[in-house]
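My questions all concern the structure below.
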Amino acid sequence: MTTLSHGPSGSPGSHSSEEGDLVAGPAAPPPPGVRVRDLVVVYKTPLGELPALGGVGLTVDPGTITGIVGESGSGKSTLALSLLNAVQPPGRIASGSVEIDGLGDVVRLDGDPLRRARGRHLGYVFQAAQNSLNPLKTIGKQLLDLGRSHGVADLAALVRDAKDLLGRMGLDGARVLDSHQHELSGGMRQRVGIMLALVLNARLVILDEPTTALDMITQATILRIIREIHKERGLTTLMITHDMGVAAEVTDHLAVMYGGQVVEHGRTTEVLGSPAHPYTQGLIRAIPRLSGDITKASALPGRPPTLGTLPKQGCVFQERCPVRMDVCATVAPPPVTTHGRTVACHATAAAPPLDGRKEQP
Amino acid sequence: MITGTGITKTYKQRGDVLGSREVRALRGVDFAVPRGGAVSFIGESGCGKTTLGRIIAGLETHDSGEIVIDGTPMTPLSPRRRRPYFRRIQLIHQDPYSALNPTRTIHQTLRAPLELRARQTGRPGSWIDQRAGELLSLVGIDPGYVLGRYPHQLSGGMRQRVVIARALTVDPEMLVADESVSMIDVSMRLSILALLKDLRERLGVSLLFITHDIATARYIGDAGELYVLYRGQVVERGLTESVIHEPVHPYTQALLSAIPVLHGLERPGRERVVPTEALDERHADEGCLFARRCPFRTERCEKELPVLAGCQDSSHEHACFHPQRRAVIPVEAVA
Amino acid sequence: ACGQVAAPAGPGGVYTTIDGAKQIDATAPINPFNPQGSTFVGYDAMSLAWPKNSLTDPNQFYPGIAQSWTTTPGQGEVVVHLRPDARWSDGKPVTSQDVRTSIGLAYTQGGSAYTVNAGAAGAAADIQVVDAKTIKVVQGANRSNTFLRNVLSTVVVPDHVYGKLLPAGFWATLTAARGTGPAADRAKAEITGLTQKVITFAPPQDVSAGPFVLERINPGAALLRRNPYFYDAAKIVPDKVKVLNYTGNEQIWNYLVSGKLDSAPFTAVPAAVMGRIKSAPGNAVRRGYSPVAASMAFNQAHKPYDNVHVRRALAYLIDRAQVTKIASPEAGTPSLTTTGIHGDSAKAWLGERLATLNPYKVDPAKADLELKAAGMVKRGGTWRMPDGKPWKVELHVPASFSDWVAAAKSITSQLNDHGIDANVTTSADYVLYLDELAAGKFDVGFWLMALGPSSYNIFQRLYGSANGWSLLAGRLSHSPPGKDGNWMGGPEKIDGIDPGELTNRLNLATPQEQKNIVGTLATVTNQQLPVIQIYDYVNTQFINTSRYTGWPPDGSEALRLPAGVWMQLGMIKKR
Amino acid sequence: MTPLPNQRAPKTRAVARRLGGHVVRGLVMIWVVTTISFVIIRNIPGNPVLGQYEKLIEKGMSPDEAQRATAALYGFLPTGTLWEQYTGYLKALLHLDLGQSISTPGTEVVTLLASAAKWTVLPVLGGTLLSFLLGVTLGVYAGIKRSGKLGDLLSISGSLLHGVPQYVIGLLMLAIFTTLWPILPPGGPVDVEYVPGLNAGYLASLVQHATLPVLTYALASYGGWVLAMKSSVATVLGDDFILAAELRGLTRGVLFRYIARNAILPLFTILALSLGMLFGGAIFIERIFNYPGLGLLLVNSIGARDYALMGGTFLVTTVAIIVANIAADLLYTVIDPRVRTGGAA
Amino acid sequence: MSVTVPQTELQPGLSGTRAALRRNFWRGVARVLRRKPSRMVGVAIVALFLLMAAFGPMLYPAHLPRDNNALYAPPSLAHPFGTDFEGTDVLALVVTGARYVILTGLVTAVITVAAGTLLGLLAGFHRGRWDTALMRLTDLQLTIPGLPLLLVLSTVWKFQGPLAMGLVLGLLGWGGIARAVRSQTLSLRERGFIEAARGLGLSTTHIIGRELLPSMAPYIAMNMLIAVTGAIYAQVGLFFLGVLPFDSNNWGVMLNLAVFGGGALTSAAALPYLLAPLLAILLLTLGIVLVVDAMDEIFNPRLREE
């Protein structure tokens, strides 16, 4: 692996692309936006069908990097898969819609159109250490499989693009294409995963925990690459993580999930700087930091929800909430959008608003 | 309570088609954990943290060097005689699921070591269940809820508490926590850290904290020492706050730079260091181990191996020919 | 039959059969001296003459390569006249020299007539070539009445193929071997040293004087084609003969049911299978005399079987008809008595006297009396040993003989009905069974007997080595029970007569003498019951008349001979 | 971490070293098994000559003829003390000489083995390959349609066929195809009427005779392949790369190949092993169909107390298993790229 | 700072008495069985055969009655599977013959599993020289061709009764389990809970008996069942070939007598005599297949609940 010639990375949005060669040309369509409406995904369990997503609403603006954070089991992966209409059995999308610009409602897609959308329009990047590559085939062969599956006529050009992409991420493209998965390190595999998600010019990229299995330094590198590629290719990027720090490092927007709900959504700096939902507040308080008063950090009480322990009605967070009210036990708080900031909490809604204006989503 | 000098460990990897390959996991590590103290080891993946932790907990033997527990050197003792010493040092595993036997209830899990303990100390059988309850309460869970359950019925945080309670059954003097919170949900992580901290304060057990997350090391051992390991070598060591705020070794600086910045709350450090190459086990063993990746390397670095030593403008020790303090950690953003 | 490709044969067709005496081994040499050799008696392996299945006279023969023979009274000299037109399959004539070489080779193998032990009964003393087609064989001083039979049974092989196996001075060596002293011993050793060479000799192809010659062999079958030089070629109808291999009787049944076999040798067949065989088109059964009987033999060295009353009691309890019905309904007849002789030939040997022997009809009352006489006690409906200990009749049979297993089951069931605890124990295989039997491990086991037509052979099974009598260098001696394979352990003398001695005498006796001795032995045997004769075998053979006709009729003396001999005798015709 | 083409040269050396180790261990194993089988075989009670004699009598031969036919066998019985026999046997073994058969006097054991091996290989290979192909194909289905009716049906029937012993299937086949509905020959390797060679009649007859044994093999082992493949497919389906491939929009055909290839890999090892095992396990089928392979040879050699032949058959079976083990091991290193270049990452 | 006890984790719990645990286990088993009706069928079949083995011979007189006038009688109401060559009811033979067969199977299974598990555990747990030696032994056991060896052994050794038979079959069959148990042990060894037990100073007996074995229980139980069937088939097969001496009735003997004595494959008369033991084997196989299907869930506390 060779060096990336950048110095210390700057603040979000401060990157400028020195090598503009991969920037989408003028003919390229604008990056797609995503509108998730009342998405309900249920898993079949011995206890019956339980909702992993309980009516999620989320709007992703075109061209942004949006982070989705939440604890284990909060439904992040399920949401990510729903965007590709790829919820695995025993789960299924029960209702709702996922509108993606240029594709329409993917929930309604199936068969060949769905398959074609995946890969071509929607790129998906898996967690690094889990093997998202066929162990028996070289990366190059898998690339060709991908090309053939999507009817790419000029396979040589595809290989060229792949090499360019890999080179852009600091890898020796020819060598990587000639390797098997096990011959690559975790960081390299992750970059290969990103390459495969982008090589067909997908404009919406979804990354599910892209750095969880990597060590600190590699993680930093991958995060920077994500940021840069996003910028250069003009993508709409969704990044799922359970690590608030990782999300904070790269994203413009941040959605916080809890128990199958998006409880807060807004600009990253704002959500972190002035969290509105008690869950977000607790989460941020629970992060030990390198600077400042360490004793200020404190744990969020209670334990993370699972499908079986979620309250049947009312607010999903009610059991752990420090500002619980009576209404929380019976009525699920609707998401309220104020100034591009969406929060679903009775307490916040009741309290003096962050800002004077209120608007319905 | 435990000190180690010149600990080395080399693994021979066998079963490979390519024949055996040596991995030098530890290359002469010195350390000391005082009674009631807290020491943290940090470092990249594969730098030997776990190996060292396991050696300290007596679960692994080292190749050379000496470990002294409460003044008694371990090398001359037979494995049998060593056991009581090492029983004072209990390891808390990283993965709280695999650390508990899935086929045994929490009650069974706790009972076994307590029975042993009761036999050793001549306590009555009734003490066992009572003690189990006490320990569970101590780690902050309701014995009534937890005792009859199987591990898979508990959340990660609860499981980790049970693991800690189990370690406490033998009244250890030291706990070795190897990445003990990395598999636990974000919202619960801190409560486990707090528990460990609390145990140290209340029971006076020493704490050896192994992590790759420096912020948690800071939380746990604010008054303790921090060791930075790189490829089996301690490259920097000192009081935790001092190493975090005034790192001198470029590797420490790189580690600290890699920590994601909480934009909105923090601003990135001005002098973030990015290593020039990824870690490769096959890098030459000649010269400074970090030289290949070091942006500040000189010719000397590629030839000579720097040793851990103090230096005049820093309060702690490091192994670097070109020590320089850099501001790499994020700083609190002004609200 | 079904699914088979049409046989690529001429107008005479392919005659399909089975050789019961051997398992086909395609790797074995084409050599009749090899026990597994790829030659087939009656087809491509010829002897001087073919034994008739006479009830009492072992010296009756159909001509083979020998057209005729004469013998002096007492069988001192046998003169054999060969067929003038006998030729080998390569066109060369069959001469006295061939016979002489064959006899020479037979010497290397040992055998009753051709043994280097000069003193042995029935050994040949001299072989003289009278002319190209006549040969004389002279018997030694110690005469046996089976000498003619042994000479005529000589398998004849071509001198121009096998002659080189005999070293130059062979006949001189043979003469020397008949003497005594170290020189004779050396000569003997030299001859026996040839044994292996002869057995393992593998001629490149078959040279046959018989009606057929081997064309091809594979592990499943051998194919023989007609030998154009055969002296009676005109009588031979089939163009080819196919000899199928088999590893178990059930395979023969299958072949028979599918109507594939033109003839099959004796095979034990369950009743139901017999039905299916008979219903296949063209299949028919030929029955004849088979000089074999199955019996239940006692080890008289074991209590309580040393007591004749116990043996008699058991004889009174076994319903032989029922046993036969279950075990061998098609190929057996219940034995009338325990004379030691097959029922059919017993009539011929004993005549009127047969009727005077106790048939041991089923009679539980008599059995009880006998048991009481033996001191056995009945308690709780079960008979026990005189000392009150439990008595269990363990009846041993080899597992591979299904009719014996069934018979033994039936016998034990009957004994159980009468309060005698009995059960069947099998041995894994026949070889093991014989070994354990000989080692005296069994109380009661099944035993083949009544091996006629030679009267000596008949009683040798009862009063031979299994009962302690053995012939060593022409002298009879008796070993005590448990020694030298004496597992029957009967007394050496019964009522003043020595049955072993009498049996041995049968070898040398004149026909009249034989009749007397047989009478005595039959009576003694029937009284003493060293065995209980259960059923006499019936030679049940199968033929298929849809391709050929002219089969030997029921009871024919040729029935036990291979179909190749029937063809030589002009029996098999094209349908 | 980075691909290391330069490591491929030492790789062949490493494989050679590995093979060398295997061979040495295999030889030691052969020696041990030979010794054990020698001791057991020489302790089998029963006298081959007496046995042969009584068998001929039972077949209806006259005692004199039977005597003549068996007397010769005495010359082929092993002589000397057990130790002498043993060292002699080992010495001969070193020269690949397995001695002479007793029951077919004068024939080399090697000749008998070679002629029988031919007939074992045919149905074993045919049957195993047939069942492998069938089982693997249906196993993929059973694995993919795990929770459906078809999957249940395939796996239950697979388990059942896998569970039922060979001889049950063999007996049923024989009853059906030669008795109830006689369309196939009941036994034997090939009709002797045809001249061996590449002529239609011979080949047809060969196929006809091999059909039942091959089918029985195939049926008896089919279940095992279905089950193995099914569980292998289930494992692979759980792997992320399959979901990843699906999410990249790969066609069903490519996906199917990904699943099948990855799932079949561990089965090749089992295949190699089972081929080795079948050399010794053909006994029932060969006995039932009178097929003159090694299994039948062994049964017959035991019946005849042919010590040399028994030892030889045993040895061949053992060697087959050992060779199969080595082959399986090496095969794995060849077909699995993960092992091929050593797990570097 | 005090330990924070999250309130929500405190729920009224059950007391961990052993009886309750056991009750839970059986309730879990019942639940697992109820989940698929086929499993109930499997259990019923296996139970039927076990009962047959235990009490079958008591249902009939010591010497089974025979009917001299009904040899190989066709199936009828009185004789559902007809009669044998002696006129004995075939069903009675199957029922009384089950004990021998199943007893052998059980003995074999116990020996196979005990020896295999013990050796596998020893090798995996002690590693080093022990391991090498034991694994060589295992290789040897796996290399020696079993059926041929049995054929040879059956002539050397009189397998008197099911116990001796089971012993021999067991000694020829432990290799596979030993190898598998060893590799399981090796992998479990690395699991945290075994390491923790060692770190706590718990005895080796405890670690092996309480920690390792229960984790392998489903695997061992499954192997046990497979060993039972394997032994039954091997034994019946040997009887069928006729290489085993027998002194009492059992399924294999029935097969042998039906095929080689009764010509069941040649004529239909003895066919029921052949089919009855074959059906018994098929049924038993089916039962065991169905039970094995449930085994994993029964022993895995995670799958058992809900």
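Just so it is clear, A, B, C, D and E label the chains in written order, and each chain counts residues from 1 on its own.
In this section, a residue touches a chain if its C-beta (ideal position, glycine included) is under 8 Å from a C-beta of that chain, and two chains touch if they have at least 3 such contacts.
Just so it is clear, the model here is predicted, and its values are computed rather than measured.
**Student:** Going by the touch criterion stated earlier, list every chain that contacts chain A and also contacts chain E.
**Tutor:** Where chain A and chain E share a partner, that partner set is B, D.
**Student:** Using the touch definition up top, find the fewest steps from chain A to chain C.
**Tutor:** Counted as steps through touching chains, the separation is 2.
**Student:** Approximately how many whole Å separate the CA-defined centres of chain D and chain E?
**Tutor:** About 25 Å, centre to centre.
**Student:** So, what's the distance in Å between the C-alpha centres of chain D and chain C?
**Tutor:** 40
**Student:** Starting from the mean Cα coordinates of chain A and chain D, work out the distance between those two points in Å.
**Tutor:** Distance between chain centres: 54 Å.
**Student:** Taking each chain's centre as the mean position of its Cα atoms, how many Å separate chain B from chain E?
**Tutor:** Each chain's C-alpha centroid was found; their separation is 48 Å.
**Student:** Among all residues of chain E, which ones touch two or more of the remaining chains?
**Tutor:** Residues 4, 6, 9, 155, 243, 259, 265-267 of chain E touch two or more partner chains.
**Student:** Among the residues of chain C, pick out those that touch two or more other chains and give their numbers.
**Tutor:** In chain C, residues 248, 254, 257, 400, 429, 432 touch at least two other chains, as defined above.
**Student:** Would you pick out the residues of chain A that each touch at least 2 other chains?
**Tutor:** 1, 185, 299, 301-303
**Student:** For chain A, which residues count as touching chain B in their complex?
**Tutor:** Interface residues on chain A, with respect to chain B: 1-4, 6-12, 71-72, 185, 187, 215-221, 223, 242-246, 248-249, 268-273, 282-284, 286-292, 294, 297-304, 306.
**Student:** Which part of chain E faces chain B closely enough to touch in the complex?
**Tutor:** The contact residues of chain E facing chain B are 1-6, 9-17, 20-21, 191-193, 195-203, 206, 210-211, 214-215, 217, 299-302, 305.
**Student:** Quick check: in the complex, which residue numbers of chain E touch chain D?
**Tutor:** Within the complex, chain E contacts chain D at residues 38, 139-140, 142-149, 151-153, 155-156, 229, 233, 236-237, 240-241, 243, 255, 259, 264-267, 271, 274, 278, 281-282, 285-286, 288-289, 292-293.
**Student:** Residue numbers of chain D touching chain C in their complex, please.
**Tutor:** Spelled out, the residues of chain D in touch with chain C are 44-48, 50-52, 54-65, 67-73, 75-76, 100, 103-107, 111-112, 115-116, 119, 178-179, 182-196, 201, 204-205, 208-209, 287, 290, 292, 296, 299-300, 302-305.
**Student:** Going by the contact rule at the top, pick out the chain E residues touching chain C in the complex.
**Tutor:** 63, 66, 68, 71-72, 85-86, 154-155, 242-248, 256-257, 259-263, 265-270
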